[in-house]
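Each of the next two complexes has subunit A plus one other chain: subunit B in the first, subunit C in the second.
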Partner chain A sequence: MPMPPATSADWLLNLNALAGGAFLLVSFGLVALRQVQGCVRLYVLQSVLLATSALLLSALFQTWHLYAVGILDLATKAVLIPWMLRRALHDEIYVRREITQVFNIPTALLMALALAIAAYFLSRPMLAAVAHDAPVALNLPIGLAGLLLGGLTAVGRREAVPLLLGLLAMENSAFFAGIALAPELPLTAEVSVAFDVLVLVFVVAVLTRAVERRTGTTAVGALTTLREDPRG
Partner chain B sequence: MGRHLLFNLIQVAVVLAFAPLVAGVLARLKEIVQSRRGPSVFQPYRDLRKLFHKDEVVSDRSSWIFRFTPYLVFVTPLLVTLLIPVLTDYPLFFAFMGDMLGGGFILALGGFFATLAAVDTGNPYGPVGASRTRMVGFLAEPVFMIVFFTVSFVAGSTIPYIVQQAWVTPLANFFAPSHVLLLLAFLMLILAEGGRIPVDNPTGHFELAMIDESKALEYSGRGMALMKWGGYMKLFVLMCIYLNVLVAPWGLAHEQTLAAVLLAIPLILFKIFCFLLVLVVIESSLAKLRLFRITEFLGAAFVSAVVAMISRLFAF
Partner chain C sequence: MNLLVIPAIPLLAALVASVAPGRKGAPAVTLMGACATLGGALWAAARVASSGRLVTIAAWAELDGLSALVLLVVAFVAVLAALYSWGYLSAHGYEPRTVRRYGIHFNLFVFALVLVPVLAEPALVWMAVEFTALFSVLLVGFDGTPEALEAAWKYIALMFMGAAIALLGVFLLFRAQAVVGGGHYSWEGLRSIGPRLPQGLVIAAFVLILVGFGTKSGLVPMHTWLPDAHSQAPSPVCALLSGVKTTVVLYTILRLVPLLPAHEMDVWLQGVGLLSVGTAAFLLLQVRDYKRLFAYSTVEHMGIIVVAVGFGTPHGAYGAMLQIVSHAITKSFCFFAAGSALLVVGTREIASVRGLVRSSPLVAASLLFGALAIGGAPPMAVFLSEFAILRAGLASGAYLATALLIGFIAVAFAGILLHVNRMVFGPAPAPDPAVHRRALPTTCVLTLVLGAIPILVLGVYQPSGLHTLMTQAAAALAPAVVP
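After this line comes the complex of A and B, so read on.
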């Protein structure tokens, strides 16, 4: 059966789809992985995949905005954030294994699967509302699924750093959907979000240190009662 | 038609002849990675020859199942070989006798009888291994189903000869996310089903830690040889399905001539060698998982398969 030869747009779309699939898989990994350090690596990988998708889409849409987004994303999330976490938190926190999670791992994975399937169904009416060209149809459901999975990570984790990474993954996923929906977004917005994330990481890292000094643990899931006495 | 039958039999002969070699090469590569020299790549042939010449001891407390199982374990991979593309990219004589699901059932039949035979003898380690195999099996089953159905849905068929073309025409399809994720899921399945390292240690001799090995503990002589050979062939067949149907359907014979089919033999062996390199890296860099962590390993395979499915089928 003769097939039309694949054009470069086909290739870009397919590679973007591959980045999307890997992005979704990494989001699942963040839900289930035990090692804190492994979670940080997965987050970096997720950010790299987001940047890949941005660069591919910039080539597809012929717009330099997304190119800038990709570079900015690599600089802040793949380099600065891991570096800041490493500096702000000492080894004992950083290489810790999370022993207990709110849900055990198979349960968490099944919940994550249900959320991902739900995201695909939820994105259907949205896709019908916006112009449905191929990159949007790919990125929006994956971004939405990543958003929900990031939320699940934040809920299901008891250790401070993976919990923070869940929040950051939510931001990543929102961007993943956003780069396809609004490729011409003003650069100021993207720069401000990037700095926002940096500040968030910094604040949470400092907070984690404070919690750790006070209570001797970073398992913030166990901190359920408020203590009034400031001297502890 | 007669030629297709001949090619089909050549496929069976190839699997029969080269499966021990693949096992030998794998063992040798592992030894080299561990900076040892290791036995010759032909060692499995010598082992088989030795075992065939030895006397067989069968417990008088065992039933017909124990005696019948080695033949079944030996024959089932060969039956599957009739159904799958090993050397050619066009369907052969028996290709439409059964689809991928049928092949899966035939392989499962051998596994089922091996489990029964392990329980049959009354050896304390047999049932332990048997129940563990069943645990791995029932965790792997849903992944198998999702992989097969996604693949078949994309190709519009469950016959492996037709499926193999769907992912490479046009070539850009190869990088479709569902395809890559399915490859990942199926690779994890091969590791689990073949009893390879993150799930089971095939070279371990400690009975309490065994999963797959313990089922053959009671066999000796000819029965042992058949069980071993069957195991080699099962791995070979799984690799053929993985490589020829899912990963790289290139290098298969296209012309309907004997020369083309014979030329395809070194090509498939080369592909398997490349895959063995990957397998050796996996086996040398990972530790065996604790038994209750296998759930998480196969859970990851399941997630990857389902993500592959939804990214393909639910796409807008």
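After this line comes the complex of A and C, so read on.
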């Protein structure tokens, strides 16, 4: 049944806010969760939330661009990337619990909280320039926070897969802000970014296998021989 | 001729290299591909120099002076690197399978490097810039040693972090244009409406792209991956990474300079640049590995280019363009010389190399020549470009920045010469039977000879076509004149 236009827009914005909140929560989860398999699931969930937001905004802006972006996002990040990771790396990696994180969990979560608050303040001058745009006011701070949290994930992890997922979460977050900022961006751009991410996953999988063959570990963050100080 | 043919050549070469037979097949295909790419780039640059622009698909694939200059530099270094790769691969005696793998990655890397200047739409340029990282990471880890793999991991992690940050900048830039409305989303389209763009968004986009792509071009404080990657990769790849990849990424940052509110960001750019120059100059002094020495010198030179742009005058911009050219040809030469030293002595440690002038005079001479040239000794190309930049700095009234720049360049010069001097002169040690030494292949010698010519020539003479191109490129850094 059709709803009055104003109400449906409100509904869409509220649902988008819900997706945004969940997106931020998942970003926090990626910083702290130890199980590798759990991290992969969280990343898939984050991608689904990104797609949800894109579909909601496509209904709000009445543009098919974002609809295509949402579908593309689901196809690559919720299906193709987990499948590629499964195929490329053996099962034993996924049941691991990572206990060699750089920061312990409470410290990491406190840093994450500080970064999220910083993102809120950093986004204010940008928001001032796009005055009174409700979707941007929601998606930009959350995207920026996700970007910083993804960076924290990548810096704080030593295992190859969670580290890669941190990088991919950064890209997800940039897109989360991007769908609200640039709903009319030509689709070629989105297709090329998706392709780019797939190449990244492929290259990282090849590299991880080479590291494992060579050093017997996938804790790539623990490789620290290249330094300037004298070698012992 | 279609502009997109130029990136298509290395892509085709990558395909052919994947089936090329024997140990010489892939390097031959690579060299032919690189020569054809250079031919295309020369043709395109000549057209741009005479008519100002070359448009194949408006707002998607087009060249102006700045991008034509970058394209030309990339294609030139690619030819030398392909030639050097030939000897490098044969000296190591790799299996045909490994040689093919190298050929594929090398050509894909050149493809990505050529694609960046040819494309004009920022989102697609973002993709091409990311390709330069994705296609070079397996080359960085090519040797397969734990150190090389570690360098490759650091490299790809920081590259993609930078890319994600820059991606948000690309979105903000699109928004900035949508607010104004009209025109294409391309470098030229943005420049033509530059002054009308909302300044808050443009500055936010610029900062994000500066941080993101600055990471990729090795600006301090996000430079830590650079000496690792640029020292562990095979030497011809180092020449491409240090000589042109950093420049290509810096080029995308320079594209945003004309959009900025006039002269508001000048001091910031000078500060960012000087931080890189100063940090690298002092880090140069304490290296133990001569490939890392030249890698830090790349950080220094990226900083010099940013400072030159930060002077905010046409002369500063012209100096920056001159520096882009002279750095690319000189730094790639330095890595060819360093790679030859590595082939001949079999170690990267400065402390283990002594008296090179007695054991292998040619390598010693080219290493010394490269060190003098990159340090900025007259009459080589870098001397001319650094002199132009310092003069522009004094003329623009940025006395403190210019003074600091002179000081840091002097420190870097002393640092490079100090290390290279130790390697070249001094008593030659008794040959260590444990170290694997190789004879220098003919193609490597040829690369050194060919590479030295433009460094000397551009120091004393500028072809008029190149001068026109650099003038146009410098003009592309200034805000468009709004009617």
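FYI, the second predicted complex is superposed on the first by the 217 of 232 C-alpha atoms of A that agree within 3 Å, B and C clash if a C-alpha of one lies under 4 Å from a C-alpha of the other, contacts with A are read in each partner's own complex, and residues count from 1 in each chain.
The definition used in the following text is that contacts are C-beta pairs under 8 Å (C-beta built on N, C-alpha and C of every residue); 3 or more make two chains touch, one makes a residue touch a chain.
Note that this is a predicted model, so its numbers are computed, not measured.
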item	value
Clash or fit (per the criteria above) of subunit B with subunit C on subunit A	fit
From subunit A, separation angle of subunit B and subunit C (C-alpha centres, steps of 10 degrees)	150
Touching partner for A:L144 - first (subunit B), second (subunit C), both, neither	second
First (subunit B), second (subunit C), both or neither touched by A:A32	first
First (subunit B), second (subunit C), both or neither touched by A:R124	first
First, second, both or neither for A:A22, with subunit B first and subunit C second	first
Subunit B versus subunit C as contact partner of A:W11, first or second or both or neither	first
Partner chain(s) touched by A:A112 [first = subunit B, second = subunit C, both, neither]	first
Touching partner for A:E184 - first (subunit B), second (subunit C), both, neither	second
Distance of closest approach, subunit C and subunit B, by C-alpha atoms in Å	16
Residue ranges of subunit C touching subunit A (in the complex, touch as defined)	121, 123-124, 126-127, 130-131, 134, 137-138, 141, 144-147, 149-154, 156-157, 160-161, 163-165, 167-168, 171-172, 174-176, 178-179, 185, 198-201, 204, 227-228, 232, 283, 286-288, 292
List of subunit A residues in touch with subunit C within their complex	125-126, 128-130, 136, 143-144, 147, 150-151, 154, 160, 163, 167, 170-171, 173-175, 177-178, 181-182, 184-186, 188-189, 192-193, 195-196, 199-200, 203-204, 206-207, 210-211, 214-215, 220, 223-226, 228, 230
Of all residues in subunit B, those that touch subunit A in their complex	169-173, 175-178, 180-181, 184, 295-296, 299-300, 302-304, 306-308, 310-311, 314-316
Contact set on subunit A toward subunit B in their complex	1, 3-6, 10-11, 14-15, 17-18, 20-22, 24-25, 28, 32, 105-106, 109, 112-113, 116-117, 120-121, 123-124, 127, 132, 137-138, 141-142
